[in-house]
Amino acid sequence: MNIFTLASRNVYRNRHRSMVTTLAMAFACTMMIVFSALMDGFAIGSERNVVSMNTGDIQIHLPGYRDDPDIYSLIDNADSLVAQFRADAFYATERLFAFGLMASDQSSSGVQLRGVDLDYEPTVTDIDQHIMTGEWLSADDQHGVVIGKKLSKLLDVGLGDELIFVGQTADGYMANDSFQIKGILKSVSATIDNAGVFMSNGMLRELITLPTGAHELVLMRTDRTGDLTLRTEQLKTALGDDLDVMNWQQLMPVINRFLETAHIQTLIMMIFTYIAVASVVLNAMLMSVFERIHEFGIMKAIGVKPKQLIILIYAEMFIQTLLAVLIALLAGSGLSWYLQENGLDMSSMADEISFAGLAFDPVWHAALTPNALLMPTLFLFVIAAIAVIYPAIKVAVIQPVDAIHHQ
Amino acid sequence: MFKHLLFCFSLLSLFIVPSVQAESDSERVKMLLNEVDDLWRGQSSYAVTSMHVKTAHYERTMKMEGWSKGKEKTLFRIMQPLREKGTATLKSDNHIYTYLPKTDRTIKLTSGMMMGSWMGSHLTNDDLVKEARLEEDYTAEISFEGERDGQNIIEFSLIPRLDAAVVWGKLVLIILEDSHIPVIEYYYDEDMVLARTIEFSDIQLLGGRERPAVLTVVPADKPDEYTRFVYEELSLNVALKDSLFSLSSLKKR
Amino acid sequence: MKLNTLAWRNLWRHKRRTLITASSIAFGVLLAVTFTGAGDYFYTRMIDAGANMGMGHITIAAPDYNRAPSSQKRIQDADKLQAMMTDLPEVKSVVGRLQGQAMFASARKSIGGTFIAIDPAQEDANNNLFIQALSEGEMLTSTAGKGIVMGVDLARKLQLTLGKKVVYTTTDVNGDIVSAIARVSGLFRTGVSEVDGGMALLPMQSVQKVLGYKADEVSFIAVSLRDQRASHAVRDSLQSQPEFQHVDVLNWQQTQPDLAGMIAVDKGANRISQLLIALLIAAGILNTMLMSVLERMREFGVMMALGMSPRHLFSLVMLESFWLAVIGLIIGVIITIPWYLYMAETGLDLTSAYGDDFSFGGVLLDTVFKIRLFKESIIGILVGLFSLALLSGAYPAWRAGRIPPVESLKAL
């Protein structure tokens, strides 16, 4: 008789016990899948927060610009560089900055004007999705600006209010114009929250009389799975010393450390979860074998060889685990998918979340990565296989008489 | 960072009437510096000045007119170029306001803008505002007197007082011995490295006496750049009403 | 009584199974202690660091100062209020601080930033993060002096070194622009670019003079607590006192909502992880108990036939769960104590994982993974796991009580 047929009959015959074992394993596996998805989501989400709101993977400036944001520190060939990056598996955009004073009816505050490319900025960052009230910039509005959250409080202004900017143009004249608030951003970073005023590249160019060039190029890899350090180095070599190439880890070392710490914590949590799962599976498998030693004894007595018994036990284990995995994949991916789409909204606990000057999204989304499905599944098989080694050997070596009398 | 307007049109702020130091010298030092100071200062004044700025990135010229009364009240208004015409700045006691014709708004200057370049020039707003306080900030002495480069000159060294809110380490002012007309002024930082120079030239009859009509500010680290002021008109001790120095007169053309 | 002995014996009929299940409970103890302890430790550190960056755990400020700070808004009876709080048992230190925006200028450059004026005699590394983060030179020594301690990046941008002078321009008590001079006496490095590039400490009395503040006038009083968890209680009790009616009494959650949010969310995430693991442990216990009930159906049938009521059977299985939980918790406590002691004292040094370029150590982020448990957390963990074990035993127990005697006799 085929060993698998026998095994499945056994599993079916002990369906009560099999079900409990299988469900326990399925539950454990589901938990692992959901947990992995949540953890991957946390890692991806926090990096996304860091990178995709503003910083991007890689930024390029003229050397010294970051220390001293001089309006004349322009990358002259910005357009051609950006086009070149786009052809080289990057999303790329250029930005312009200017500093000055923004005044409302009530008060005034120093601001950083941020000129963004309305067509390409959304390909690199998600800042356009990060609006708290109002809406993002549009090309046909020549006076609309989007401002940082705390700046709106400092100036005591809301949607539709008028702001007056005073600064200096690149050719030495006074830059002065009025703008209308179209949107207010959610928390992004300390600088943007406190002083950021977004407008279209074109508006800023006109305001400060700077027809060409850009202060900052921002790149995002189209495939974000590769080695960022390596790509940064490649770009550095390709662009030479005339340009300062830095990735987000170099731009924000403290945040990077913080995320690394979070990764280690995630890893520790993951290990703990796996150990908890292992104990459940181990117990379930042990029981399902040991409780049937009596039965195995009888099989031995009627001449079944130890090797065949081991194979039988493993086949039963395999069937149960397979069932458990199928259930877990279904339940786990469903649950994770739900958490990926809807996220766990933590904003009820807190409306502002930031660390070291960087704001985080209060909605925790899971990420249903292939890893989140594969690793728990593999782990379950391995653990189950390990769990039955001991009982299987015991069954293989036990004397039939002892087995039959085994309680 | 913040480009803001304030122009004590008389540029008196560049001069200092220092307090006395040594007993013997003190009266003479005080007298001489007062005389230099008085070149542009009166009870009240009216002036038309043009400014030429040259930097690595741009060159520009503008023309403005201004009124002053005492040390505390100053109003000036830009006449040219057209794109800035009507922009006006009022300093009244410790408050500074700017009127912006393009957006028809008046903005009060805050401390954050004081160190910004003034109208794209090589002077900061602070340079132009400090005048009323500067005499308390330095001690002066004559550090050289006699012939140098074919001219008889007097050289003053002005050292900021220990607690004076002055970024400089030392100021050196050179005047002609006979006419007491200023020639040049050097600004040194704390390590006694030259930070900027102001040259006085084109001596002509202005407002009833001989004085330099052109002042050129040259930053030491960018010797190719400069800001040059040219007095086109100056009348001292004119009758001015207090109401001229009010927010409402800022907007008037 | 007899039921109890029976339950205990039943457990030991399957030593292996009991021990595995008990150890999963024990493991739960270890786990909960590690996670909760890491949270308790990490949050306390972050909260303390945040408090020591200026506002304290409790902040006494002029009305509306927190929403829209300005140099006009100030506390005018700081000395009296400070004296009232110094001797409270929860309070570690009480310091008045004067904070504002300023333009810092050297002969070369000028940069806008924030200053905090402090009385050096009252401040030390325990209530002032910048003293802890001092990287060059020395702290302010005199409250009436001309010293300034600034972030390393701010000094670098202004092209200043130790001993050089800097002019700060700010707004005084009347809204007028004022400037004064200071000399760089020290530099600090926190690793946060906004702070290192835009913060400076100034001596209190000198700044009060410049701004036109009287000797007992400050922007706010920062109160450091021995234990940050007392912030709500201390705030509420201060708020109710008549002397504090004219000021805002705020806790760190109000002055640093972003940090509070960060911690709340991290706590939430931590809770979710712990919940998942708790569910796993519960599944383990449920599995064990259900198995043992299923395999003893015949036995239970016999017992019922002999006159044992379903309620008795339910109690029996519940008692088994109870003792299982007790054994698990005891093992848990035994294995957790050395682990906890080690982690609380020494911790896991993650420095090697970060590489050698970790220059921010000790101020904002820890390179050593440590745990520290609050008393109430210990109780929470034990009670939580115990109820978890009992809850997971409830269904199998209910199954046991529900078995009709005849069917169970037929079952095997």
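Order as written gives the chain letters A, B and C; numbering starts at 1 within each chain.
Following the convention adopted for this analysis, a contact is a pair of C-beta atoms (placed from the backbone, for glycine too) under 8 Å apart; a residue touches a chain by one contact, two chains touch by 3 or more.
Only a predicted model underlies this, so the values are computations on that prediction, with no experimental measurement involved.
Undergrad: How are the chains arranged in terms of who touches whom: line, ring, star, complete or other?
TA: The chain contacts form a complete graph, every chain touching every other.
Undergrad: Looking only at C-beta pairs in contact, point me to the busier pair out of A-B and A-C.
TA: Here the pair linked by more C-beta pairs in contact is A-C.
Undergrad: Starting from the mean Cα coordinates of chain A and chain B, work out the distance between those two points in Å.
TA: Each chain reduced to its C-alpha mean, chain A and chain B end up 58 Å apart.
Undergrad: Counting only Cα atoms for the centres, state how far chain A is from chain C in Å.
TA: It comes to 25 Å between the two C-alpha centres.
Undergrad: Of all residues in chain B, which are in touch with two or more distinct other chains?
TA: 1, 110, 112, in rising order.
Undergrad: Could you tell me which residues belong to chain A and also touch two or more other chains?
TA: Residues 110 of chain A touch two or more partner chains.
Undergrad: Would you give the residues of chain C that are in contact with at least 2 other chains, written as numbers and ranges?
TA: If we look for residues of chain C contacting two or more partner chains, we find 112.
Undergrad: Can you list the chain B residues touching chain A in their complex?
TA: Against chain A, the touching part of chain B is residues 1-5, 53, 55-60, 81, 83-84, 87, 98, 100, 102-103, 105, 107-108, 110, 112-113, 117, 119-120.
Undergrad: Looking at the complex, which residues from chain A come into contact with chain B?
TA: Result: residues 72, 99-101, 103, 108, 110, 164, 166-168, 170-178 of chain A touch chain B.
Undergrad: Chain B touches which residues of chain C in the complex?
TA: Against chain B, chain C makes touches at 101-103, 105-108, 110-112, 146, 164-171, 174, 176-181.
Undergrad: Could you list, by residue number, the parts of chain A that touch chain C in their complex?
TA: Touch list, chain A to chain C: 16-17, 20-21, 24, 27-28, 31, 34-35, 38, 42, 67-68, 110, 153-154, 156, 187, 190-191, 252-254, 257-258, 260-261, 264-265, 268-269, 272-273, 275-277, 279-280, 282-284, 286-287, 290-291, 344, 346, 349-357, 359-360, 362, 364, 407.
Undergrad: State the interface residues of chain C toward chain A in the complex, per the touch definition above.
TA: Contacts found on chain C: 13, 16-17, 20-21, 23-24, 27-28, 31, 34-35, 38, 67-68, 112, 156-157, 191-194, 257-262, 264-265, 267-269, 272-273, 276-277, 279-281, 283-284, 286-288, 290-291, 294-295, 350, 353-354, 358, 360, 364-365, 369.
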